[in-house]
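To start, the structure under review is shown below, and the notes come after it.
Chains here go by letter, A, B, C and D, matching the order in which they are written, and residues are numbered from 1 within each.
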Amino acid sequence: MKFDPFIIPFNIGLYFILIYVVSRSVIWFRDLSRPDKLRLQRGFFGIAFGLSLKEIFMESLIHRKIFKTNIRLGYMHMSLAFGWFLLILFGTIEADIFSAKHLNAPYKAIFFRFFNPDHGRMGFEAAYGFLMDLILAFILSGLLVAVLKRFYSKIVGMKKTTRLKMSDRIALTSLWLIFPSRLLAESFTCGAYGTGSFLTGSLGAWFATFLPAQQMAYPFWWLYSISLGTFFVLLPITRYMHIPTELFLIFMRNSGIKTGDKTGTYSEVQTYSCSSCGICIDACQLNFSAGITNIQSAYLMKAIRNNDDVSEIADNCLMCGRCDQKCPVGIELSPIRMIQRRAGEAENDFRNIYKGYFRSRQPIISEKAIGSSNYSFLHETDPEKADILYFAGCMTHLTPTIKNSMIKILDASGVKYNFIDEQGGVCCGRPLMLAGQDKEARELINYNSQMIWKSGAHTLITSCPICYKVFKESYYLDVEVLHHTQFIKMLIDEGSVKLNFLRNKVVYHSPCDLGRGSGVYDEPKEVLNHVSRLQKSNFEDGNSLCCGGSLANMKISSQKKKKIALEAAIELTKDNPDILATACPLCKKTFSAVTETRVADISEIVAEALIEKPVKKNNISNVKSIRELANI
Amino acid sequence: MSKHVIVIGGGVAGLEVAGQLSKVGIEVSLIEKESKTGGHLNNWYKLFPDRRNSSEVKEYLNGITANNGINLMTDTTIEKFNRSRSCFSITTNGGKELIADAIVVATGFDLFKSARKEEYGYGIYDNVITSADLEEMFRKGEIVLTDGSVPESIGIIHCVGSRDEKVGNYYCSKLCCVTAVKQAIELREHLPESKVFCYYMDMRMGGAFYEELYREAQEKWGVNFIRGKVSEASETIEKKLMVKVEDTLAGRPLKMNLDMLVLMAGMEMSAGGEKVAGMSGLKTGENRFFAAADNHFGSNKSNIEGIFYAGTCTAPMNITETISHARAAFTEVMEWLRNGKR
Amino acid sequence: MILEGKKAIWNDYQKEIADDKYYYVRSCVRQNFFPGSETAFLKIMREELKKDVYEHPCHTTCTGIGYHGDIVPVETTMTVVARQFAIMTEAGYENLLPSCITSFGLYTEILDTWHHFPEVEEKVRRQLRKATGREFRKPKNLAHASDVIYKFRKEIASKAKYKLVNKNTGEPLKVVDHIGCHYAKMFPSKGIGGAEYPYVLAGMVEEWGGNVIDYPERRHCCGFGFRQYLVQANRGFSVACSKEKFESMKPFKPDMIITNCPGCPMFLDRWQYVINEMEGKRYGQNEEGIPVFTYEEVAGLVLGYDPWELGLQMHQTDCEPVLDKIGIDYSPEDKYNLKIIPSYSESRSLINV
Amino acid sequence: MEKFGFTISKGRQIDYESNNRRIAEYIFENEPSFRLCFECGGCSATCTTANFTGFSLRELNILIKRGENDQVRSTLKKCMLCGKCTLVCPRGVNTRNIVVLAKQAFQKSDEYEI
């Protein structure tokens, strides 16, 4: 037997998806920027290719990262992905070995049992049949978990499960039907012919005792084929598109392509690589502290895929980056969210006839024409020349203790510095960027850059992680940018300041923009270790919480912000520390409002620990006064 | 030997002090000019800040004045007042003479007569009403314009007859702000489709839970606040009321048309109180309320030994303060009866 | 509108107005603005009402324009006013009857000042004595000329030939009354009906058959305001005031405006032309403007005086629509071609020294 | 048009009914805390931009509420969105969002969307 009509749905689906994937790949490749194309080509012939293969195996099939987060969820994903992969692999080999000729059409492997009902009675054939049954059982066990998860999500330890749209439901149903229908089809066939291994064989034999196995098998083969075909056809417009897309993502990432600040192939590939696993939902404080359950990254990705208006979702986020850290696929969620913020709303409401299959490209927002300046009222300044600049930042001016502590430390260290925003400065620009207003931000960046450049400094110290991140990432400065914790660490290492050990119990809260945002985890903790007894919390480094005060979320109410702050503070002060230490004026202000525990910036603690020595008067202030005298 | 105290005025303060005195066995005569006790409480529907029903307070007052043998004289006014040694004699309109060991003046307040602010058109334009008129509407449960239709936009003017030298009242009546906010909320409750505007000079929200009520009015009920004193109201051809006000925060004059205008009438010394002051020689202050012997530690004492004050006859007070003041008056009276009286 | 409420207020603001023997003082500017008005007033008073109205040639300006324009100091003003009183005293009259609203306001203000500060009065007496050797008695009664017409409105109505009624529809004319600011806004108790709801003109209109309309900007100034108008650069503000009033009264479709002040009829009349020229905006039915009258003109019209003898051709906004509505008999060709010289017997010897 | 050496002054009066308050309504709808402002001026006091210019968030607040939009439109863009005002506000008004929403609302009203 070479052919049967029931394979037609499968064939249609299979060829459809193959053609689709190829054409989609071509479109994606064409849309890449020239440097990214080169990166990809270099990656293809370089080490990136090997790395990608390994990662595809570990992540796309085994789902190692999900395993790490949650064993049961990991098993579910692994059994389905890896199991199916094995089934296809060994099925093809089976068809290759046991068929009359090699290089069969794919359906021969998929429906092997139908075309070879008599196969597998003994010896190697039987052993191979046992292997195939084992793989099928493996998949079915994962499927069972998946079904249970859908109806009762605690089974896999998840708090929330993503909500589905209609096409997702159909695809999900067809996915669920594939393996049970294969099981039943094979079992009936085996029952009729008395073949099959421990699963299909015994089930088939049992069916045959009370059912006409021969007649029953055929409809189930049809069902199996239709399920596969349906699943393949629907694949591009459902979340299961992540299965093929993730391969591209891994390869592109390993080739060194970054998200950037505009929509493009890479952001689109990432968007499609989201499997809606929901790990980001569990990680989100807006979800578990503030009860906001519709804006998490999984929903953002889905909304982008569906061409929905995403501005409400994109704007309602603290940008703390916890989901970026936890995403098992490694999607750069925050940069993608930023792209959506820049895009504003109502950009992608037109759809072409391919609807979901060939998504109308989100128009790339070109830089707005340089209109009149918004901030022309800012006058050029002529700062004092200095090697080291201290930029306190807007927020630090509202927490004067931090400012004063830093002045104390800077004076004690004897370095020559200039406090450039002593009389109040101009915003660093990041708040505007977070609101998606890059052009306006750029104006402020240029203004501040000029001032820094004119001062001739080689080092810029700031007390505000928000400023720090933007100085680092978006200013084109020829200076070393340091957060004050890094600077203090340097002073300690150099021995420029002598500090007492304070014996306080201190817990450290890592500010989002400093820790996850800029990767500065260790210096603050080392400084704290130097002067106090640093306690461990359950939320360290990449897993640290957000205080809720973030400037990134303009949609959240003050009550909900407070709730996030309160729950985070409760978590952090579980072991009754004397001080809740942080390294951000905004975190300090936010926490101070909700906890009885003393909240202090690291600079304050260090300033307290300072061993006063005869202070070498800051040169700069001398110079200033002479100049002032001269002016008189 | 039993002592006799006359309480003049059967409002909140009078009832409270009479109740307290009668509880400890003092013989009390309570003189009330109206046919029933309760005073202004009878006209109010719900009370700020918790918007409880005013009848609950009345029930309490009725409770403490019942069953203790208080000699209640309604429809009674005082025609003659005499003082002999340390006793007082009062002749009522019925010609009855009462002799007492002490007198508590609890003559309360009158609402400012809003028609005196001609420019607001009370009594001239339809649909210009006072806060008391509005309470009456709330009690009836029907807020309608004179033509029977439902108002869509309602303005509330604060400080009508308060803080206004034009009518001779320099003082702040202190309760109109919170009354305005309370009534604004109630208006929005009754008429969810309506828009309510408060025109204020300052929001004086000093009492317990007043500020919270103000916040609720903004947050939950969307009441609009415009900082400025309305200079005048006029009638437009559509029979709407056009008010002119300076929006002092915007620094610009503003005009708008309203369906209904509610005047937050202030509190003034009652006519009854003025009559008592005239007969007895009790001193009144610049604000025409009774002047207490000392502002800090003698707010219940008068310039005549044996005559005490309770409640709003001395200054604007809310119900909480009035009851406290009345209880303090009770203590002063007891002290006088035990030790002071010669 | 609750009429009873207004009536209650009107009852509160009644004033004493002398019966006869008036010492009439003219306005500085009215004789230029609407010269027929004061003539008509004298004719009505003397011929219709048979009253003794006396004028004196030595009467001067009261300095009101200079005073309100911050040019003439108050003491000077008081001394000038004292001189007017002295002349009145010398003539043997006690009932002062100014034709000008600002004069009326100024006399009221000065008498009130003297009442509260007798030493000021003494000082002014000394100054007058020193300067002119004159002595004066304060007027026994001070009323504005419109107060007198108000007082005798019923008598005028009884002699009236016409009523303020549209003869075609039988409907009363819709009349806007505009009161000069200085009439009662400074001293509400000195004006009939007070400052908020003045009755002086409303009473005339009602009595003569018209219907007063009340509109939101009723209290607004016409915009004359001396300083505003005198400086050309400020005139934009002046005209804006009138415009605000026109916009506010527009929906009521008024037939005419009646005024009792020298400046108001001038400005409400002329600014209609200016607004039309500058912004192309017209008011009144059929966009033909809202005719503006002085109360003397209206009294003259209802008494059947010839419109052109009343000087209505001096109005920039044509009065003919109202004349037609009332049904007044007039000859259009005579408008600017006055054949008959006003025939008032005494008017030729107006100044009766 | 005739010139007389002067022009008819524009009224300064806020005409509440005829003013366009859709901008305010849009903000009320999307950021209810907009209602909570009681015009204390704390925001303007701490504001960086206000230190350089006449920009006043407090004033913008009231002007938007009254529908006096023209003045707001021209000064709104001076805001740096730095957020100090949010930290200072005694009534918990989400000030930054008000600025962003106001900008949005102006754009939408230009496009006849609101």
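As a working rule, a residue touches a chain if its C-beta (ideal position, glycine included) is under 8 Å from a C-beta of that chain, and two chains touch if they have at least 3 such contacts.
As the structure is a prediction and not an experimental result, all values here were calculated from the model.
Common neighbours of chain B and chain C (chains touching each): D. Central chain (C-alpha centroid nearest the global protein C-alpha centroid): D. Chain pair with the larger contact count among C-D and A-D is A-D, by C-beta pairs in contact. Note: centroid distance chain C to chain D, computed from Cα atoms, is 47 Å. Rounded to whole angstrom, the centroid-to-centroid distance between chain A and chain D, based on C-alpha atoms, equals 37 Å.
Between chain A and chain B, the centres computed from C-alpha atoms are 64 Å apart. Centre-to-centre spacing of chain B and chain D amounts to 40 Å, using the average Cα coordinate of each chain. Among the residues of chain D, those in touch with two or more other chains are 33. Among the residues of chain B, those in touch with two or more other chains are 255. Counting only pairs that meet the touch rule, the chains in contact are A-D, B-C, B-D, C-D. Contacts from chain D toward chain A in the complex involve residues 33, 46, 48-49, 51-53, 77-78, 80-84, 87-88, 92, 94, 96-97, 100. The part of chain D that touches chain C in the complex is made up of residues 1-11. Taken in their complex, chain B has these residues touching chain D: 203, 214-215, 218-219, 222, 224-225, 227, 247, 249-250, 252-257. Listed in rising order, the residues of chain B touching chain C in the complex are 115, 118-119, 121-126, 232, 234-237, 242, 255. Contact residues on chain C toward chain B in their complex (touch as defined above): 1-2, 4-6, 8-9, 194, 196-197, 214-219, 251-252.
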